[in-house]
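Presented sequentially are two complexes of chain A, the first with chain B as partner and the second with chain C.
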Partner chain A sequence: MALKKAAKRTEPAGPPQLLWRRDGAECLVTNDFGHYAWLKRKDFDLLLAGRLGEKHPAYAALADKGFIRDRLDFDGLAAKWRSKNAYLNSGPGLHILVLTLRCNHKCLYCQSSAAGVGSKDTDMSAATAKKCVDFAFQSPNPGITIEFQGGEPLLNWEALKAAVLHARAKAKKAGKDLRLALVSNFSLMTEEKAQFLMENEVSICTSLDGPADLHNRNRVFCGGNSHAATVKWLKFFQARHARQVPEYRVFKPSALLTVSRYSLGRHKEIIDEYVKAGLEDIFIRPLAPIGYAKNLWGQIGYDAAAFGKFYLESLDYILKLNRAGVTLREKMASMMLDKIVNSRDPGYLDARCPCGAAIGQVAYNYNGDLYTCDEGRMVGWEGDDAFKIGNVRQDPYRKVMTSGAARACVLSSNLESQPDCARCAYKPYCGVCPVYNYETQGSLWGDMAVNDRCGLFKGTFGALFAMLKKPANEAILKKWVAK
Partner chain B sequence: MKKESRSKTEVSVSLKKYSLEAVRYAAHAASSAARVFIRTSGRDAAVVEFEPTGKLPGAKIAAAFKAELEDEALRASVYEANRELRDFMILKALSASEAAQKPRQDDSGLTPEQEKELDALIAQVESEIKQEAAAGASADPLGITKTWEDKYGAKKSRKKN
Partner chain C sequence: MKKIPVTSVTADAAVYSAEALRLAAFVFSDKAEAVIKPVKGGFQVSFRNEAPGFHPGDYFNEALNQQCRLDLAKKNSKAAGMIATKALLSAAGEAGKKA
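Up next is the complex of A and B:
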């Protein structure tokens, strides 16, 4: 919408709503609408004093972005805010079904605190799986994603099959957009199972921690070679994706990277392994001291600075590969860039305000217990049900959504009431995690001044904004989120 | 303004120039590098004491605190100047999205028994309406069910030939 010319004024307009971060001779300014700009210190002072004149070269761009107080496009900016915060009205979209706690791997960092292959008492029954699907469909969200996790979900194939078929039938009736996803280590995958998954349009995600020696060191599989199974089935699903059939869509498989202490310094080998496996996305995820990883933190953990260094080196290397024509994107950076560049919500539940706990996702334990998120479920497995929000057999949807734990997570992850976050220039794009705070700092609120997760996020945002300043990098990064 | 003793550093802040709240928030920002203690000194001053917890010396922490204090004062003025405007913008955004929201489908908040009762009640009301409609279908004393054309004939064209 074209802006009307401002009336001639005699008084300065006053400072606009903005947050800032001083960086040498410049300032990064951001606002509620997700816009940002880099300003020289002198211009920043003029802007805050409401004295940045119309003839200033940055004036028009700043006015477009809502940084000039008496030139605000109310409708346009309100629409921007709505699109950025669209999730506030939609209810939980992600539903994580933990089909079993059993696993045939003993990963060093396993957060899901997996049980041995023999303990079938931690399997979800087919009836409970269907109940979970029914519960998920009560969410007012028009798009429902059901993610099957474990343990290793393929160890409970019957419940997985029942839930997939029930969900597909239910989606048809309810007219909802349903996405199904399986997170598996592939060790139990067969062609028959793969066929069923493809026919029912279940997307596939696995873990790939790098080259064989590193992957197998992190992801211990007593029954064989974890890396070999992962690569074999990645190739299988890629081949099927390449030759689509008319009856159903075959999704491109994806993989997650969990960075342990053993990964540090090996970013190039890890990224090359992803390229070799034909993957176009890599999700570089730090370890969180939750569940099993908490006990082994001294052995496999690291501080925010060490991860930050690894992450930045990885981003630099990915950009170098991009310049050489290789297609590869880093997932966390992509999601943050989507917010920064497009003012769009990429559905990254860990970086929302309030966080996705309960209002964006629900984790369903094998016995039907409901948790705010998968991390909350892991805390429950350690004997602390602080994040339990109900049970799928006993509690109606409304009671679950308004449970004490759900409300506590919403309140504590509202960045407006987090003293450091409310002042941070990265606030329009960021989010805190009450479970992480609870596990590492003993309270849902945490203390961001000394919070490692906050340190990681600040490092990542700092790197992305610095990269966006360079036109060559900016063009590549914008391509990552140009969909 | 600044006083150092052993590893501790003290900074005195005029409360005439800065609010105690601004002092608290600026001090909190420094808490990643030091333990911070705040006390008032008379009516018009606060003393902020930094006890470094890492490698950063007290003098540097104090300098960072003072820079943060200036920013905090700026933030307070930005907040004050924009509070109402910001409320208005967010309310505008939220109310527009409420209007665009689809009507809720599932989750009536009722127990299965209550839902059954409600369904039975709706069925009963619907059947009563049907019965009434069927009984009165032929009787139309005011001719409500007739079209305009049925009652008064087809509309004549006013077009000139």
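Up next is the complex of A and C:
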């Protein structure tokens, strides 16, 4: 559609909807279409007053981005909003099957509410696993991911195998795009199991918390050396990825980093360990005081400022490595950048509006109980079923999706209804977590003014926007999300 | 009989609505029991059975948060409702179906 001609007015018109944030002598302005611009304070004042004239050097760029009232390309902007928020049309894409609560590790921060290796009553039966797969396929989403988690899912190999085979057969019939993923500590991996997983195109993800001493301190494994097993199998899957076979596709393995108090100050060693392990992505995840970690917060937790410092130091170091020719991306930053730079939804369920609870993901407990998300399941394991949305054997799909907990999470994570968020400059890229709010502040809505997760996200966005201002960094960061 | 100590604070009706005070009382129900009574120009909020570390100021911060949310809902509820409805109907597989 052609741009509207500027209408003649007697009074200057202010800008259309925009969000802004002061940063020293400049202002960051954003809008719901995902566009952003940096303006000098005096130019920002002109924009607000509707006095930023067509001859102003910033006028054309601001007009293209939907910041000038008389130059709005409604069709183009609406298309942009639709594509950025396409997840509103699709239904749950991520289905997390907790195959067992048993685990042979006793990680300090374990949120997955692990049970002892002997507690077989917390294993999912093969029949329940198949029911879960059937339930997942009822999602209207044309592409679904089934993620196998635990505890340690390899402790329940029979259910894992049954679910994988059933899902692959079902995807063929249903014509859905199916992705299968396994999150494992690798301690029980064998060549036979690995072969089955590769043949069925199951992608593999593990935890790597840094060098051996730090990893093994966080991830206590009585049966051996957790770090050694992790590195050994990472290398195995990398080698198999490098020499693909025509029959199936072998995915590159990935790893998650959970930052405990012991990780603070050791960002260089941790990142070097990832590079040494041949990984090209590092996902720097903060601890959340949810489930088991909540009880140990005094020992292993930290505040948003401490994590923010660690995160910024890590990003700086990664960029330094990138400049030296090393390929490494930080996953959280990549997902945020995909939203900021490309106006694309990277599928990061924690930073959506509304959040991914139920409408983007479902967590399936070992007994078939359904939760809004894995964090909601952890709260359930602590004895509070506020986030339970049904049971796979008893409740029909529609009833689950319209359950009280699902609706409550959608309403409370809608940023348009959150006082601080509704006018925050980072709103177009951000999201809140009702489970986090419930656990830390006593209500699904939370109070963002004093919410640590909000502080953490604001710090991350602040750092990314500041980095994007520097052309050398901007070029590297844009490469992270170039497709 | 031992008298239970009660802390009372008056909330200005120009700032706080009864609904915001009630919502905050639910959020703080595990920390203190809040009794809200209308008085001239506002509400008297009395706290009983206070847990260690409870401070009335925290309760009023939450009440203010709830009040801002209620005020925002008056402006944004239409847009917010459309987004939430769209997300829920799509997830349930009902989007595009006629009623």
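The criterion applied here is as follows: the second predicted complex is superposed on the first by the 474 of 483 C-alpha atoms of A that agree within 3 Å, B and C clash if a C-alpha of one lies under 4 Å from a C-alpha of the other, contacts with A are read in each partner's own complex, and residues count from 1 in each chain.
Following the convention adopted for this analysis, contacts are C-beta pairs under 8 Å (C-beta built on N, C-alpha and C of every residue); 3 or more make two chains touch, one makes a residue touch a chain.
Predicted, not measured: the structure shown is a model, and the values here were computed from it.
Trainee: If you stack the two complexes on chain A, which partner ends up touching A:Pro396: first (chain B), second (chain C), both, or neither?
Mentor: A:Pro396: touches chain B, not chain C.
Trainee: Who does A:Gly376 touch here: chain B (first), chain C (second), both, or neither?
Mentor: neither
Trainee: Touching A:Pro15, do we find chain B (first), chain C (second), both, or neither?
Mentor: Only chain B; A:Pro15 stays clear of chain C.
Trainee: Looking at A:Leu48, would you say it contacts chain B, chain C, both, or neither? Reply first, second, both or neither.
Mentor: first
Trainee: Which holds for A:Trp81: it touches chain B only (first), chain C only (second), both, or neither?
Mentor: first
Trainee: So in the superposed three-chain picture, is A:Pro153 touching just chain B, just chain C, both, or none of them (first/second/both/neither)?
Mentor: In the superposition, A:Pro153 contacts neither chain B nor chain C.
Trainee: Of the two partner chains, chain B (first) and chain C (second), which one does A:Phe137 touch, if any: first, second, both, or neither?
Mentor: A:Phe137: touches chain B, not chain C.
Trainee: Have a look at where A:Pro434 lands relative to chain B and chain C in the superposition and call it first, second, both or neither.
Mentor: The answer is neither, since A:Pro434 touches no partner chain.
Trainee: Common interface residues of chain A with chain B and chain C?
Mentor: Residues common to the chain A contacts of chain C and of chain B are 88-89, 138, 140, 397-398, 419, 447, 449-450, listed in rising order.
Trainee: Quick one: which bits of chain A touch chain B in the complex? Just the residue numbers, please.
Mentor: Touching chain B: residues 14-18, 20, 22, 32, 48, 69, 72, 74, 77-79, 81-82, 85-86, 88-89, 137-138, 140, 142, 174, 396-398, 419-420, 423, 447, 449-450 of chain A.
Trainee: Over in the complex, which chain C residues touch chain A? Could you list them?
Mentor: Counting only chain C, the residues touching chain A are 26-28, 30-31, 61-62, 65-66, 68-69, 71-73, 76-77, 79-80, 83-84, 86-88, 90-95.
Trainee: Spell out the part of chain A that touches chain C in their complex, as residue ranges.
Mentor: Chain A residues touching chain C: 88-92, 138-140, 353-354, 358-359, 397-398, 401-402, 406-407, 410-411, 414, 416-419, 422, 441-443, 445, 447, 449-450.
Trainee: Spell out the residues on chain B that touch chain A in their complex, using ranges where they run on.
Mentor: Result: residues 25, 28-29, 31-32, 71-72, 74-75, 77-78, 81-82, 85-86, 89-90, 92-94, 96-98, 101-102, 104-107, 109, 111 of chain B touch chain A.
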